[in-house]
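The following pair of complexes shares a single chain, subunit A, combined with subunit B in the former and subunit C in the latter.
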Partner chain A sequence: MEVLRITNLSKTFDGVRAVDGLSFGVEEGAITALIGPNGSGKTVTFNLITGFYRPTGGEICFKDTNITRLAPHKIFNLGIGRTFQNIRLFPQMTVLENILLGLKYNSGESLLAAIFRTPSMLREEKENMQKAIALLKTVGMENKRDEMAENLSYGQRRLVEIARTLGTDSEFYLLDEPMSGIFPNMIPQLLSIIKQLRSSGKTVLFIEHNMKVVMDVSDRVVVLNHGKMIAAGTPAEIQANEAVLDAYMGKRRMRAS
Partner chain B sequence: MSTFSSLPQPNSRFFFASALSAILGIAVDRLVYLPLRKNNAPGLVFLLASFGVFIFIQNLLQLIYGAQILTLRTGPVVEGHQIASAVITDIQILILAASLILLAALWLVIDKTKMGKAIRAVADDTVGASVSGINPEKVILYAFGIGSALAGMGGVLVSLETNIEPTMGMNAILKGIIASIIGGIGSIPGAVLGGFSLGIVENLGIWKIQAGWKDTIAFAVLIIFLLLRPEGIMGKKTDRDKL
Partner chain C sequence: MEYLLHILVMAGIYIILTLSLNLIVGFTGLPALGHIAFACVGAYTSSLLALNYGISPWIGLMIGAFNAALLGVLVGAPSMRLKGDYLALATFGLGVIVYSIAKNWVDLTRGPMGLPGIPKFSVLGFELQPVWAYLLLVAVFVFITAFVIGRIVDSPFGRVLKSIREDELAALSIGKNVNRYKLIVFTVGAFFAGIAGSLYAHYITFIDPSSFTAMESIAVLLMVVFGGMGSIGGSFIGALVLVIFPEMLRFLGMPSSVAAPLRQMIYGLLLVVLMLRRPQGIIGRYRFK
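Up next is the complex of A and B:
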């Protein structure tokens, strides 16, 4: 079953066709990689799906809901979480606060609850705190919990952003280059986090330039070039696809033959 | 010893003024700032627009009430309490107490409630807030409402002590900006500390020299801070290149 269906999607910026009649689907419970040369429209597609850009044309459906023109926070509330290529953390908050902000609060933190420290609020606060610390442990950042986010390195901020997104308990995760800037010994850990999402029934769509990672972890690969889908299939199929090789290597091989 | 009978009784006008201010603030946001946000206007445009709104409202007030000075004082003038060699009036005590209560309430809202957290998140990173399920427009609406209501209450408190006129806002804005720069922009304790420091320095200054130099003292303090400690007393040095 498809959890996401993109139909004839397009986005132009002052005449530049960043996404041009794009159609593809994302299988539920699978890991799908979105690849393509620089400027092929991958991040624009992410921004269209999550509501940060308004499409020029086309339609995006998440399960049975048309999300084409919804505001970002509404799309998030339907169960779509994401990370960004240029990490989005709250720099003036601590690492722990960043994670806590992504967690779902049930009883809420009303002014009255904050004044009277109601037992239900305290219990929830304690549960969320444990959950946040557990999330930080999964990305190996628990020793930085009280550090201000702005004082972290690029790779550390990316790990915190991933932990925050994991904490949102979404159904569908969009990860924009999750491995970039990550210290190499953390990559296997991140791969196992992504695989773990799949085994708990979540859907993952991720943008990645590291082909070894793409081939290792994904069930399906969608290839973009010039805002269009040029191929889709299993990693093995994509590796053998002529159009994909042309897009990445140029047409030189044809001229040589 | 005088009693507190000279004080204006807490009446509905105080709450009416703050509610009206909140509505006005939200209306200004919807009519002026929202269209600018939609067009991704840079910060300077917002600053200029806010001055435009300021001049517009100031002139509107002059049209309605005239440019003359008015007073809000009810009741007779009562001698203040002598503490050492300083004198403090009942009204000044009321202003101080009301300010402290409002300050505690604001701190509680910003630091402890979900809306306060959302306000800080949106101020830090609007996009990041959106992917945490926060509706930035709703948060901005609340922030304008809270801020404007506080400004309205502040206006009522000030007018208990001084005369009121349509152009009185400019001085409050300048002193407010100076106080927040001295204290450290974005920090509530910093704003309080900055306000008190500025007030004390100004008034100790005019103890020795003429009162007309009060504003000069305020700006001198501002310039000293901008040169030596631009992040303010409580502010942290921010490293803009890092993020």
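Up next is the complex of A and C:
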């Protein structure tokens, strides 16, 4: 079953067609990779799905809801969590606070709960603290919990952002280049996190340039070029696809030898 | 002695203003330059209620604060669409508008002639005539303000406010209804500024529009920045230092034609030095980005 359906989506920036009549679907409970050369519209597509950009045309449906023109926080509340290509943490807040912000609060984030320090708020805060620490452990960052986010290295910041998004307990995760800047020995750990999401029934759509990662982890691959989908299929199918090779390498020439 | 207490009363009123502006500017990161407008609304509301209808300052203070909060909602609304410098300009404009209304709606506010003879607060039938009694009253309100705002910022709610200051888009991406939080913050900030305005009016017993000029808004902003954005203690320090320090210049024995501009210059110099040496304020942690 498709959890997300994009139909004829387009986005123009001052006449430049970043996304141009794009249509594809994302299977529920699967890992889908979104690949394509630089400037092919992958991140723009992410921003369109999550409401950060308004599409010029087309439609995006999440399950049975048309989310095309919803505000980002509403789209999130339907169960779509994301990370950013250029990492968006809260720099002058601690790592722990960054994670806590991603967790669900039922009563705690209201004004009255804050002023009256309601027991339910305090209880929730306590529980979330445990959850946050557990999340930091999964990405190996528990010893940095009181560090300001701005003092972390690039790779560490990416790990914290991933942990924050994991904590949102969304149904559908959009991860924009989750592996970039990550210390190589951390990559298997991240891959297993993504696979765990799948085994717990979540859906993952991720942008990635590392083909080894893409082929290793994804069930399906969607290839963009110039804002259009040029191919979709299993990793094996994509590897053998002429159009994809053309997009990445240019037209194939006869080998020299 | 009387004079010293008077300065402390004024400092207390400014602490309330500074704390409430710090909630908006320092904790939530919304540049607001019209804070005194809320105090103006609070002051005029409770003064007019007392003068025209004989309503007790206690009730007037509450109604004044609610009126100011209402204006806060009005200011909060554009804050949803405007960011950074544009929001600063819009709030500045609002301060000017409120000032102009106070100055030109002569039928209601008596314009530049001001409102004399505003009654003082009374407790159990005793008017708070002595300055020390009024200082106690102001201290109570300072405590309430610091307590409430302190709790607001030190909570999951406050954490969301800081996240908006740090990165609004990231806050949206994890489902925070940023606009709602901004509106609440402006409303709460305006509410307490309204209280400060009312306390001022019933203390001085005379108000006119010249107490609520854009310069006052900027002075309060300076206190926030000076003490430290995003710091409750900083707001105390900022207001205390910047209220008491200029008073000390009075004793240098200069003619007032020299002292007044000199005070402004020293103010300015202090800020330039502070921004160069300690941009996060005296005890603040948060820096401008």
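Just so we're on the same page, the second predicted complex is superposed on the first by the 242 of 257 C-alpha atoms of A that agree within 3 Å, B and C clash if a C-alpha of one lies under 4 Å from a C-alpha of the other, contacts with A are read in each partner's own complex, and residues count from 1 in each chain.
Basically, contacts are C-beta pairs under 8 Å (C-beta built on N, C-alpha and C of every residue); 3 or more make two chains touch, one makes a residue touch a chain.
It should be emphasised that the depicted structure is a prediction, and the values quoted were computed from it without experimental measurement.
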Fit or clash - subunit C, subunit B, common subunit A: clash
Touching partner for A:169 - first (subunit B), second (subunit C), both, neither: neither
Subunit B versus subunit C as contact partner of A:89, first or second or both or neither: both
Subunit B versus subunit C as contact partner of A:73, first or second or both or neither: both
First (subunit B), second (subunit C), both or neither touched by A:242: neither
Partner chain(s) touched by A:125 [first = subunit B, second = subunit C, both, neither]: second
Footprint overlap on subunit A, where subunit B in one structure and subunit C in the other make contact: 50, 52, 71-73, 76-77, 81-82, 84, 88-93, 97, 101-102, 105, 108-111, 114-115, 164-165, 168
Sites on subunit A touched by subunit C in the complex: 50, 52, 71-73, 76-77, 81-82, 84, 88-93, 97, 100-102, 105, 108-111, 113-115, 117, 121, 124-125, 164-165, 168
Subunit B to subunit A touching residues, read off their complex: 108-109, 112-114, 117, 120-121, 123-125, 127-137, 186, 238-239, 242-243
Contact footprint of subunit A on subunit C as seen in their complex: 148, 151-152, 155-160, 162-163, 166-167, 169-178, 184, 188, 285-287, 289
Subunit B contact footprint on subunit A (complex, rising order): 50-52, 71-74, 76-77, 81-82, 84, 88-93, 97, 101-102, 104-105, 108-111, 114-115, 150, 164-165, 168
